[in-house]
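The data blocks that follow each hold one structure.
You will see two complexes here that share chain A, one where it goes with chain B and one where it goes with chain C.
Moving on to the complex of A and B:
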């Protein structure tokens, strides 16, 4: 047991782990060329092991420790070293602060990985929204639209869409059966039937997956129907692309949400980007995009928005521009981008409950280093004066 | 002894820390969420043409839309319009070659020109282009009082029925609060031949903004009565006409009692169109059957005398999208043209509809 603790707290382990991490970063960087940022993040850094298998095979073996394993071991290494080796003395307070800062940074980064949610809010000048959308994850939204004032939404995350799975929820008086699911699809028109053909996962930075699924609603009195749903049919931009591509051959109302009735209530179902609703509205008053004279190079772009939150009687204007985000309701709204035409502003919305941890870590490490250097300097100066 | 005591003291602390970390990670698992939200305003894109009795709220005014006027070129026929398109036309060369023109206004959507062009290119089997390459492909063109951007592309290989190349000419511009797409696509030579008419048509267009007093105007005004190039022959009971695809003269959908369905298409091409073997193998490929050799044709193709024609009938059983699919094909030479009739779908339904198809072949001419 003693040997294990000794090994776990050893400086050798630190060196080995840092070397492995260095190689992992190199491997991830190289793999990014082929796989793109997001897949590399998942496979190399947000995993216990980097897995490999021959093309076409359905088995994989671990070939290198992943980011979670290395980060976790480094954390254990640092903590055990402190618990076992270091003694809390006044002389070592600087070192302890530096290490404490590093431990805090590791834990903070882990919490960020787990809890941070990035989304975006695309606002056209003059329009309002009370939700942001996830650009990389979709959901199946089943909405009870019977009430004339409000909609009751049950949102099933994309990660639950496994073919053959039957999904039940206390708020749904029926079962949702997933027949087919594809992470990324391309539309094809066969006669007048629109189909979504499974295609390779998007790897480029600006590409995204557009999923589709075949879903059946099964009630006690039998099946309500089986439908194909996809973001292709729900997002204005994608519907626009279908319209311009297939022109007159698309059937009427092809992009209407699926509609059905059950026990006197009316429901709609669609597949759309995952939504995060807010208790307030953001209204885009004006979007400005300045360019350097005679070029297309952006000089500055900013969004003047109006924030309206009735429950707190808030109604104010805010200017969001590069490096000047809006921090509100635990979220940060950055000026993320815009669409050609300069009338649509895209705000990047980040919710990160542990956003303060890197700052606290930096302060701890900085103060720790200062204390350590000063204590040595004072001791040295005292020695010289003697 | 002292060290041993210390060891036991550290272990629970470290384990606790790891357990908390593990627990936190577990908390982030995605789950089904349920919430109430105020009703959303209607989408800006036209989605559906509502009609009485279709279960929608007709009291809510539909979003106002800009609309167009134009002069219709000779030889173009308007196809039935809907709320998604501001206009659509078909051009027939009379020898089976077809082209179509569509006008789509996108409201609330900007900056999709490059993505659209790349989708068109994909349909033509061409490589996608980047923004710079795209800019180099475009030219300016007059669209009514405004200037639009024109892009033209053609497939390098035959894309339709294995014999026709395709060409697409697209024009887009922003006008009256919408991004307008004018697109002519169809058989390569026909589209090239019709290009001057298309450009004249574009010049004749006048844009009109949404009606100031809020009354919903039709997307297109001053239309001639809608006509269609779909055949006007009688169709069997239970068949429903659908919008035909490119190079297809007419298409129908048949729905069976227990969710079964079948499609019927009618195509007309000049000449012998590559011969019987090529056509049979093309059809076999569509339902995942391997190609056959010339010698096997006799076993698969039967000749049937219809009241006015002699038809070569092919009856195939294969799969489509993993489902058992039956295909009944009929090749009917008529004068200089060859007519192709094809019924594909659920095997039981296709069997039930065989007599209907044979009767239809005689009437469809």
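Moving on to the complex of A and C:
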């Protein structure tokens, strides 16, 4: 037992793990050239092992320890070393601060990976929204629109869309049956029929998947119908793309949500980016995009928004600009981008419960290293001057 | 005899410092222009380009850098002597006497296939516009193929890269020619006065023509010709040379001369700046120095009165351009390096002292250049890759000089001068892309983060390179020479260890600060972006080195090898990741840099191989081996190391 503890807390293990981690980071960086950032993140850094298989084969073997495994082992190594070997003395205070800060950083980053939710809010000047959207995940939204005042939304996340699956929900008096589902699609027009052809998963940094599904609504009294739904039909930008490509050949009202009735209630169904509703509204008053004189180089982007939250009686104006986000309701709103024409501002919305950990860790490690090295330096200088 | 030589040795270092100081100072204070033309004053005239106010001198220099990688043109004058034509005089020629400018060899072409395509002499490197102009259409055709096929810069062949560069250069040359006056204008001043007189009549004719009344055809035809001429000029002119009419309502409203002339159709008046430029151009083209100097002087006074800020900026940057602090410190570093190396072999104190003083002088010049740039830009020291090279060098030299003060063994000086020189060479090559003070993208436009994250991480690079260069000295001196004594090797190990400590501190804090900046600007502390990974690699490398050292896993030689690996890791982080072409931090691909980075990596691997050679082949350890008292084994631990004690380095007598 003692041997295991000794090995777990040894500096040898530290050096080996750090070396493995160094190589992992290098491999993960080089792999991005081919695979793109997101796949590499999953495969190299947010994994226990880096898996590899020949192209086209359906088997994979682990070729290198992944980020989670190495991070976890380093954490164990660090903690056991401190428990077993270190005693709290004045001399060691720097080292303890450094390692405390590192533990904080590693755990904080792990929590971030698990709990962080990123979404965006595209606001046109003069418009308001009380939700943000996920740029990478979609949902099937079934909305009870009977009441003109309020909509009741049931959203089925993309991860539940498996062909053949029947989905029931206590608030839905019918069953949703998934016939087909594709993660990424391209539109094709056959005659006047629009089809969505399954295609490869998006790899590049700025590419995204555009899913589509064929869905049937089944009630006790029989099928209400089977429809093709897709983000292609729900997002303004994508609809615009379809219109410019196929223009008049598209059937009338092709992009309208699916509508059906059941037991005297009216429903709408569509596939759209996953939404996160908020108890407040943001209203975009003005978006500005300054450029340097005589160039196209952007100088600054800023969005003046009005935040309205009835329950707390809040109503105020806020200026969000580069490097100056709005932190509110546990979320942070950044000036993320804009759409051509400079009237639509895109705010990046991030919910990250552990956003403060790097700040604390930076101070702890920085001060710790400084204390440690300065005390070395002072001792060294004293020795020399004697 | 001995005393005399001592006296001689005492004043030589100071004499060297005095000579080089004079050389440096000689260019700071604005001299009167040598010739009849008051070129120096003309050079200061402010224009707006790349989103910033700069002296017209900078426009000229940066254009020449793009064309040929040098800031002056090598020409043969009327007497048959080889002389240098300053950038600003060349620009004056280009704009006012294009027929002469077309005979200046300013386009550098290296690729033999491009020379073949243009039927140029294989042996030559620099070509004139006249030599190339026949083939311009062909160049454009080739360039169009590359842009039509959307061949990305990273995958272009050297031939394609050369074509694109030449095509860009020719386009820029054409734009410069039409910047101060239309290329074909013989007497621009006269042309403008005709234009001014015509505006009123022309407009009347136009109005009448539009309302189907009878009009003067000649007036309208002239007006139309002027309109076409100035419209074209406004589209192709390069710098925005004409200041805004109203500074208060539209401070950024600088326009080109052509643009201002078009605007005159509306106002009926010629902008005073246009009149002034026309006077200068015409005087220079007709070779009337007195008229030229008068026009320049009057315009400068007018600018100083109405646009004092822009005038000040032009004045300061022009001084900076003539000062060329980095070129000067580069030269002094080289001399210091040679003297410092000489000291080890000849062991003469004056060499060591001279090397130290000169390195310090070069460092002062380097520092003043750095601060001058900061003042000009109103920014922290590092804003782009170019300035990072300057700052890496600065930081490494500062640390090296501190080491020299502590150890006084010449090592700090040699390393400092070597790193200072190398980084300035890198910076010079990075400057060949053109303007190095270009404005910052919105997300980078924050002095707080530039002053913290960027400065700290760059100091991390500087210290890692310094440790790596010390290791190079250790290996080279140890294996190839007999000069690495036990004391020296112990001292070197201490230095490297201490500097690695600093580099870990800077790299870690810098990396985390970068993460915090990212969190501030787009809500992601860490995104596994290549540049972030590069920074992380330096931190991991440092952590490995320190833990391995503390665990006794590596000792003297091990830490040297780690320092050499540090060179490769830092090279990758600083440059390598920018070449991958992915992620948020890509600043553009540097073709030449890739080759040199590979050469650097190979050299470091070679040195690591050398470091791994068994002790008995290290010339510095020969004595020890001959004695046979100790088995050849790895050098001792610096803290407890007894192994090399008693080995004395034979010193040549003074």
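The definition used in the following text is that the second predicted complex is superposed on the first by the 359 of 386 C-alpha atoms of A that agree within 3 Å, B and C clash if a C-alpha of one lies under 4 Å from a C-alpha of the other, contacts with A are read in each partner's own complex, and residues count from 1 in each chain.
By our rule, a residue touches a chain if its C-beta (ideal position, glycine included) is under 8 Å from a C-beta of that chain, and two chains touch if they have at least 3 such contacts.
Please read all numbers here as calculations on a predicted model, not as lab measurements.
Once the two complexes are overlaid on the shared chain, A:18 sits against chain C while remaining clear of chain B. Contact with neither chain B nor chain C is seen for A:163 once the two complexes are overlaid on the shared chain. Legend: residue contacts after superposition of the two complexes on their common chain; A:344 is shown touching chain B, with no touch to chain C.
Of the two partner chains, neither chain B nor chain C is touched by A:126.
Judged by the touch definition given at the top, the superposed model places A:310 against neither chain B nor chain C.
Those residues of chain A lying in contact with chain C across their complex are 10-12, 14-15, 18-19, 21-22, 25-26, 28-30, 32-33, 36-37, 40-41, 44-45, 105, 109, 112, 118, 205, 291-295, 297-301, 322-325, 332, 334, 336, 348-350, 352, 355, 358-359, 361-362, 365-366, 369-370, 372-373, 376-377, 380, 384.
Here chain A touches chain B in the complex through residues 1-2, 5, 72, 76, 79-80, 83-84, 107, 110-111, 114-115, 124, 130-131, 145, 148-157, 159-160, 167, 169, 171, 186, 189-193, 236-237, 239-241, 243-245, 247-253, 255-256, 259, 266, 277, 339-341, 343-344, going by the rule given at the top. Of all residues in chain B, only 3, 6-7, 10, 13-14, 17-18, 21, 24-25, 27-28, 30-40, 43-45, 47-49, 55, 79, 82, 84-85, 88, 100, 102, 104, 106, 108-113, 115-116, 119-120, 122-123, 170, 174, 179, 181, 183, 185, 242-246, 248, 251, 253, 263, 265 touch chain A in the complex they form.
The touching residues of chain C, counted against chain A in their complex, run 48-52, 240, 252-254, 406, 438-439, 441-443, 445-446, 449, 494, 498, 501-502, 504-505, 508-509, 512-513, 515-517, 519-530, 533-534, 536-537, 540-541, 543-544, 547-548, 550-551, 553, 572, 577, 580-583.
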